[in-house]
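Two complexes are shown next, each including subunit A; its partner changes from subunit B in the first to subunit C in the second.
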Partner chain A sequence: MKYAALALLAAAPLLGMGNYPLHLLILCLLWACVYTSWSVMGRLGMVSFGHGAFMGIGAYVVVMGWNHYGLSPWIGTPIALALAAAVAFLIGYPCFRFKIVGHYFALVTLALSEVTRLIIVALRDQTGGSLGVTPKTALADVSYSLNALQFSSKLVWFYVILAFWLGGLWIWKKVDESMGRLALEAISQEEDAAASIGINVTKLKLGVTILSALMTCMGGVLYAQYQLYVNPDTVSGIGISLQMVFGVIAGGMFVRLGPTVGAAFTLLLAEGLRLWFGNQYHGLDLTVYGLMLVLFIIYMPKGILGAASGALEKRRMVRAGA
Partner chain B sequence: MPSRLLSVHDLTKAFGGFIAVNRVSFDVAEGEILGLIGPNGSGKSTTFNLIAGALAPSAGSIRLREREIGGLYANRVAHLGVGRTYQIPRPFRKLSLVENVALAAYYGQAGQPSRERAYQQARDALELVKLPSEDAARVDGLGAAGLKKLELARALATQPQLLLADESLGGLDEQEMNQAADMLSGIRDRRGITIIWVEHIMGALMRVVDRCVVLDHGEVIAQGKPQEVAHDPKVIEVYLGTDARQLQSDIAARTG
Partner chain C sequence: MDIFDVFLLEAVLNGLLLGGILALLALGLNLVFGVIDVVWICYAEMIMIGMYAVYYLHNVYHWPLWLAFASAIAIVALGGAALHHLVIRPVLAAEPINQLLVTGGVLFFLQAAATLVFGVEFRNLGIRLPQLQFGEMYLSMARLIAFGVALAAMIAMSVFLKRSYLGTAIRAISQDRQIMPLMGVNPNRIFLVTSALGGALAGVAACLLVLQYDIHPAIGLSFGPITFLICVLGGLGNMMGGFIAAFIFAQFISVGGFFLHVEWGYVLAFLFFIAVMFWKPQGILGGK
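Coming up: the complex of A and B.
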């Protein structure tokens, strides 16, 4: 069943899918990667509004390296990942050491994502500022360049991103099955008691934060290489961080495919808003996200998939009981 | 003469200007059950927090087998063989009973055991305190006595040499108190674990402890065998004092 669905998904673009639906599908998988990355730590009680920073690092480091130094993304990516890990460490270590949790942690990370956006804007001579930047094309007379990690075929991108999405789900599963997950849940409930039974709270939290940051950074790299255009607002800053949190909460962060459902939902919502209202109302999507976030938290705290599987479970129990 | 396991010397903790623990000194011999008693707010739990690494001492030393542990992080102290329970239970409510205890077995020992072994040790610890050890058993539905047992099982699963048991919680009746007392002495007798037992009433504790340390306002006012301590005028005064206050407030509550 699971594999049949996966095979269908993998075969979908070969069955004569139009360019626009394929583009939406790719974006959906890409955001699903990013949301899954966020949830790896988010569902363990560490709600970060700072993941825009890691995505921004992934996107900009690789594009800047390519444009200014002719650095292949194959080299730029490890640099971006190292930088993301370093930033995660620098922000995480003091937070975890001094027990900055909950709302305070959210606030610190919120600042991080906004600072990243401001830095990108401030370095406008290198980054193109708020207008964004396009990686120099390597596709002038070829249809793909492995060295530049640029492919004109959407099909190639589809399979690349599909693979990363599956990789993300696999990491989720590994984390889920580990003792570390139980320990992090224990920490999120009773941090002092967790330390008293020998759990190294700071180390575990840092570990999962860095893992999540690396995965998100990778999402940023893919985003930039696929879209061949990055803009501070679409890969960093409060807006994108809020969108991640919203998407994950909407989809449901306690089930493995929840973030993926959330990605589909936010994407359709954004496209819908764009078609309905056009591009004239700047910030409209953010307002709608904010409103819907509140509604979800009140009425559907487990998200769409969480609520749906909860309802299914209930029906099964009723039937088993009858 | 059994060897000294723990040695606390001039231990002091100040919260701002308030001194909660004031130059407290005592030794604990290997295999001993030491009662740490004193009225409300006398500094018993704070002393535990200092030994277990939840708080850093303002001054003084804490030596475990001649090794200074004052100021180490709590997880390090756990690895060195100190287990503790909380006066107000702090279970991981969203985890099952076995998971609660298995975490302690997995992370609490100096050398990390395999997962299977940790779960086995967790089940053993749960059986020892007479809690259900099957996978489905959950924290919800445990009463005050059950939660205290879970605290105990979790601490025991770290395979400690020294157990700090903070039992000073109301809510247990006479029979439950006696059961707790028997359980602790059983743990010492069968497992050879040294225990410091905190309590604010003397009753059940007096039966099983080898020695007592009495705290009042953060200071040691007496220590020795239970009978000696119980007849010490300073101890009688402290306890009569609180009893008298208690009585007065009870009377006030009834007539007011």
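Coming up: the complex of A and C.
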């Protein structure tokens, strides 16, 4: 069943899908990747408002390396990942060591994502500031360049991003299966109690944070290479950081496919409203989206998938009882 | 005097004036947090609504400016009460992080609704206040007024909290949320009044900001984050701490912007904030 669905998804573009639906599907998987990365730590009680920082690092380090130093993304990506890990460590270690949690953690990480955005804007001579920047094209007379990680075919991107999405889900599962996850759950419930039975709270939290940062950074790299355009507001700062949090909440952060459902839901909502009402009502999609978020958090805090699987579970229990 | 120092002094003074308005922004947020224990992530968006209210009442419906200001303050105060009643109250018993997130949803909603209703064009009142010259220094009249009003609003607020019955109840409930209902104080009513007051302060800030900045739907993002950081730096809910933190932040922005570029001023302020968080997570005035 699971594999059949996956095979269907993988075969979808070969069944004569138009360019635009394929583009939507790719974007959906890409955001699913990023949202999944966020949830890896978010569901364990570490609600970060700063993941825009990691996405921004991924997108900009690779593009800047390519544009200014002719550095292939194959080299730029490890540099970006190293930088993201270092930043995650620098912000995470003191936070966890000094027990900065809840509101405070969210607001400290918010500062981090704003710092990233502002640095990108401030270095406008190199980064193009808030106008954004396009990676220099390597596709002038070829249809793909492996060295520049640029492909004109959407099909290639579909499979690349599909692979990363599956990888993200696999990491989530591995985290679930590891001993660390039980410990982390204990930490998110009762940090002091967890520490008292010998769980190294700081180390575990830091590990998950760095993992999540690396995955988000990779999402940023893929985003930049696929879209071939980056802008400080679309890859870093408070806007995108909140978008990640809310995408995850809409889908449900405690189930593995929740973030993916969130990504699909957000994207379909935006596109659907645009097709429905046309383009003249600028901001309508986000108005509806914002309203739904508020309603979600009040009435359905587990998200779409979380609520659905919860209802299913309840029904099963009732049937088993009867 | 060396000319360099004159400009530096000008930057310091401008920072001082900026500090006044930042302190006012932080005051409303701190008041709400101190009493209800909820951070209004959408606080700056409430200010944006106030700014649009002034613009429409004054420039489109041609109300006199003072009436437009008074109405805008009333509108945002009502908005604050509505925000509490419709959005915060249902999640008061939920996890604290949900309360943070729900107001984040309101942020998206208000920003997008403003885009939908008002469009993305930049608007301004068309009032340009003169620059004041002191020797070789120029200071903005609008900023000077903002500083004075912000200071007056803060003094009025502290007198209200210290002297009036309602103010005393607000202070009491912020110290012990569990005990006060037993003493015959109705927390719901206090929460509602506090939210309206927080909204009114946002309205005052809107009137002052509208004199200096163009209005557009995303303007909240340009001073929202900094307001939260000031409150956290001063210790969430600690009004005195927020007051001091506002002036520290303003100096970073103004003087940092003077030596480097204005964004670097913000970068420095934010990095300073992160550093202080690690050193004193409870804020600069927070105890152990």
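The rule we apply is simple: the second predicted complex is superposed on the first by the 300 of 322 C-alpha atoms of A that agree within 3 Å, B and C clash if a C-alpha of one lies under 4 Å from a C-alpha of the other, contacts with A are read in each partner's own complex, and residues count from 1 in each chain.
In this text, contacts are C-beta pairs under 8 Å (C-beta built on N, C-alpha and C of every residue); 3 or more make two chains touch, one makes a residue touch a chain.
Everything numeric here is computed off the predicted structure, so don't read it as measured data.
Q: Which one hits more subunit A residues, subunit B or subunit C?
A: C
Q: With both complexes superposed on chain A, which partner does A:2 reach: first (subunit B), second (subunit C), both or neither?
A: In the superposition, A:2 contacts neither subunit B nor subunit C.
Q: Look at A:186 in the shared chain and tell me whether it touches subunit B only, subunit C only, both, or neither; answer first, second, both or neither.
A: The answer is first: A:186 touches subunit B but not subunit C.
Q: Looking at the overlay, does A:200 come into contact with subunit B only (first), subunit C only (second), both, or neither?
A: Only subunit B is touched by A:200; subunit C is not.
Q: Please indicate which partner A:319 is in contact with in the superposed arrangement: first for subunit B, second for subunit C, both, or neither.
A: In the superposition, A:319 contacts neither subunit B nor subunit C.
Q: Per the contact definition in the header, classify A:114: touching subunit B only (first), subunit C only (second), both, or neither.
A: A:114 sits against subunit C, while subunit B stays out of touch.
Q: Which residues of subunit A touch subunit B once you look at their complex with the stated criterion?
A: Where subunit A meets subunit B, its residues are 179, 182-183, 185-186, 189-190, 192-201.
Q: Any idea which subunit B residues touch subunit A in the complex?
A: Result: residues 52-54, 73-75, 78-79, 83-84, 86, 90-95, 99-100, 102-104, 106-109, 115, 118, 154-155, 157-158 of subunit B touch subunit A.
Q: For subunit A, which residues are in contact with subunit C within the complex?
A: Answer in residue numbers: 47, 91, 94-95, 98-100, 102-104, 106-108, 110-112, 114-115, 118-119, 121-122, 237-239, 242, 245-246, 249, 281-287, 289-291, 293-294, 296-298, 301.
Q: Using the touch rule from the top, collect the residues of subunit C that touch subunit A in their complex.
A: These residues of subunit C touch subunit A: 39, 87, 90-91, 94-98, 100-102, 104-116, 119-120, 217, 221, 224-225, 228-229, 232, 236, 261, 263-264, 266-267, 270-271, 273-274, 277-278, 281.
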